[in-house]
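Each chain carries a letter (A, B, C and D) given by its place in the written order, and its residues are counted from 1.
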Amino acid sequence: MNGIHDLGGMTCFGPIVREDDEPVFHSDWERRVFAMNMLSMGQFGSLDQARHAIERMDPAAYLSTSYYEHWLAGIEILGRDSGLLMDAEIASGRSEHTSTPSRPPLDPEFVDAMVRSGSPSTRPVSRRPTFDVGDSVRARNLDVRGHTRLPRYVRGKRGVVSAVHGTHVFPDTSAHGLGENPQPLYNVRFEADELWGDNLARRDCVHIDLWEDYLEASPVEGRSHEQ
Amino acid sequence: MNGIHDLGGMTCFGPIVREDDEPVFHSDWERRVFAMNMLSMGQFGSLDQARHAIERMDPAAYLSTSYYEHWLAGIEILGRDSGLLMDAEIASGRSEHTSTPSRPPLDPEFVDAMVRSGSPSTRPVSRRPTFDVGDSVRARNLDVRGHTRLPRYVRGKRGVVSAVHGTHVFPDTSAHGLGENPQPLYNVRFEADELWGDNLARRDCVHIDLWEDYLEASPVEGRSHEQ
Amino acid sequence: MSNDHDNDHDHDHGGPPNPYHAASRSDDENRALEERVGRIESLLLEKGLVRQDALDRIADIYENDLGPMNGAKVVARAWVDAAFKQRLLEDASAAIGELGYGGLQGEHMVVVENTPEVHNVVVCTLCSCYPWPVLGLPPAWYKSPAYRSRVVIDPRSVLEEFGTAVDDDVEVRVWDSSAEIRYLVLPERPTGTETLTEDQLAELVERDAMIGVTRVAAP
Amino acid sequence: MSNDHDNDHDHDHGGPPNPYHAASRSDDENRALEERVGRIESLLLEKGLVRQDALDRIADIYENDLGPMNGAKVVARAWVDAAFKQRLLEDASAAIGELGYGGLQGEHMVVVENTPEVHNVVVCTLCSCYPWPVLGLPPAWYKSPAYRSRVVIDPRSVLEEFGTAVDDDVEVRVWDSSAEIRYLVLPERPTGTETLTEDQLAELVERDAMIGVTRVAAP
């Protein structure tokens, strides 16, 4: 999905507004949204599903609401998608049907353990990476209608593998309940002039993490992909 | 400028909402905005400048307001840019300084003539086109910070010239008072799989008009641009 | 924008609301807009930048004189007059001028022909370019982010929404009006119209078919 | 969003307003949000999907226990302990674990080192990925469209806004956190800090320097 969240490379949002002595939460409702999102995610779906829920917000709303409003929208969308919440319930705040959670609610001790141990995205799968550090690659220009972590700004661009990160869950399938499809994850370095303009002359680059299915080999001479 | 107006290729706006028996104007204010924009443009700037004014709207406002609200915002922005209107005047609706229009206001007869004759963007400049129908070209990947009519979705992509349109005013300079810089304008055909995804297999294409400065030759074998 | 709208984030089901349509504005919002428009209008008039009679005139032209009935006549003529059609496809501005149409936002016309092999559809992804002399001012959907964004990447799903099925072996050509060239689609003449007059044919031709999102239906 | 904001379209001068900051919400808007949040919270509690004590616990952890003071200790240790620094650059998760930090949103850490030749800066263009165990939750600007969109295409102008000038011959490396790898910048140790203790050094290290938008200033 080529969504409004895919912001990399836009130049229309003006200066960056900072806040002195910014609190962790600006108001009590932000704190509550943060907590609910962290604890409901396991009931409603995966982190990838939660990200995709926010990506499906109305684009104008996405741009005109604050961060924890995105999370709030995400909880509502994902709760509905999961079948555990209904529109009428979200509107009223009162449970109107019984739904069976997939697991009991987390207790504080489990919360402590979850924060401490995290939830690694690596999987013990021995899939030999196709690419090695130093290899020239091209980010494929893929038409993906669902969730993807291949931003538009790198699609079709050539870069060089700078790290091999091991085998990680693939968000494009994970976000849609289509399995973890673990595969090699790479860090790829793209030069600024390749990404942003052949009229640029800057010593800058972007490093980004890309899964194997996003990449193809690219001969150094720079032949474009041909079917 | 990579702005919110550059919408081609996004897939997040949902279904297209149509209106049965849609009137030309939905309300009187739309009619008045249309008329004002048409007649003030000559005072405030060129069509390219007017387009760029709208492009500079706050992105969230751009997505959450209707078309003639864009035009209204454009009149305000361009009026201010031109020095003919001041913030305080726009807020109050009362003139607070005298400014000299560059020309007298149009009368109804001139309006009739303007609508009839139009305002061609061709210029009698004999600049020999570099490309011919059938030539393989690549839309350059240009970093343009101001107005441009080179949308992001074609940048860096290969296509074939399908028509040569003559010599036209160049919007990238015209929109910034940097001269008309007339140059050959081409229609270029891009295949769907080149633009949108190497995983696509559809007999579709996009034809788009691109100025000579947006293009470079592209050997058929598809070598990427190299500096 | 109302608070109801702002607080309603579940737009992924059934699509987003459509703030892009002024028709969906509340009375309060329209009133606020009337006032804002009134302020800028007073200012332009007081400063001598525009004249009221000229404002009225231009609105009148586009509300009453120009519209898709012009384009329909061009299409009908092309259907009945092969030589005209030839001229239309070779130099659309001149051929359209023969019928008395042309001028603002139609200075550089190109007509693209639908055939059994090719279906054409027109958009302006960057703003709202449209051939005013032959179609009038564009409908709101033509200017909406939904249409502008999607028709270039997924024209078939857009055409489907308009009820237009296109076979897999037909090529869909999307024309993105990025310059001052303006595009008009010459639809296919429907079967069963052999006995109709040029005027009767013109009555069959609707705006959306000349944008390319629909076909001309048989009578 | 207030009407004042909606009707104010002239954002090209001095930049847009910042609806992305909850701090800029009106009392009415915050009240409406409190109510909406209250409804969903009641629902989750009533349905047995979450427990109030667990909600309180997780908010408490991120409000009080985790924050940039953790990252600052990692940086200070790297400045004073060359072997630790080596381990940090080779396997950041393990080295950071030596100091007791790790876990959620820091499972796969990478530390990138600023040098006189290279300046690193971190972003998540697609959402808001950030190394929570060492920096806590991200500031609003890190999650804003302005930062996310521009730092990849024009990092030098972003750094300038943060008061960070970068010489033309220094390479700016932008790290876009598109996967579950989390990045921490190891800033350059400022000159004139040779006599400071590790704890004193840690106090110099601010959040923004570990994101890479600023440098660590000399004391």
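Just so we're on the same page, contacts are C-beta pairs under 8 Å (C-beta built on N, C-alpha and C of every residue); 3 or more make two chains touch, one makes a residue touch a chain.
Predicted model, so just to flag it, every value in this text is computed and none were measured.
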item	value
Reaching chain C from chain B through chains that touch each other, fewest steps	1
Chain of greatest Cα-centre distance to chain A	C
Intercentroid distance (Cα basis), chain C paired with chain A, Å	38
Interchain centroid distance [CA atoms averaged], chain C/chain D, Å	47
Inter-centroid spacing, chain B versus chain A (mean Cα positions, whole Å)	33
In chain D, residues with contacts to at least two other chains	1, 6, 11, 16, 19, 36, 145, 149, 153
Per-residue overlap in chain A, given as positions that touch at least 2 other chains	2, 9-14, 56, 58-60, 63-65, 69, 72, 76, 90, 143, 196
List of chain B residues in touch with chain A within their complex	1-4, 9-14, 55-56, 58-60, 63-64, 140-145, 152, 156-158, 193-194, 196-200, 221-227
Chain D residues touching chain A - in the complex, by the definition given at the top	1, 11, 14-16, 18-23, 25, 30, 33-34, 36-44, 46-51, 53-59, 61-63, 67, 102-108, 110, 125-128, 136-137, 139-141, 143-150, 152-156, 158, 161-162, 168-181
Interfacial residue positions of chain B with respect to chain C in the complex	5-19, 22, 24-36, 38-40, 43, 51, 54, 63-69, 72, 75-76, 79, 84-85, 89-95, 98-99, 101, 104-108, 110-112, 114-122, 149-151, 153, 163, 165, 168-169, 171, 185, 187, 189, 195-196, 202-211
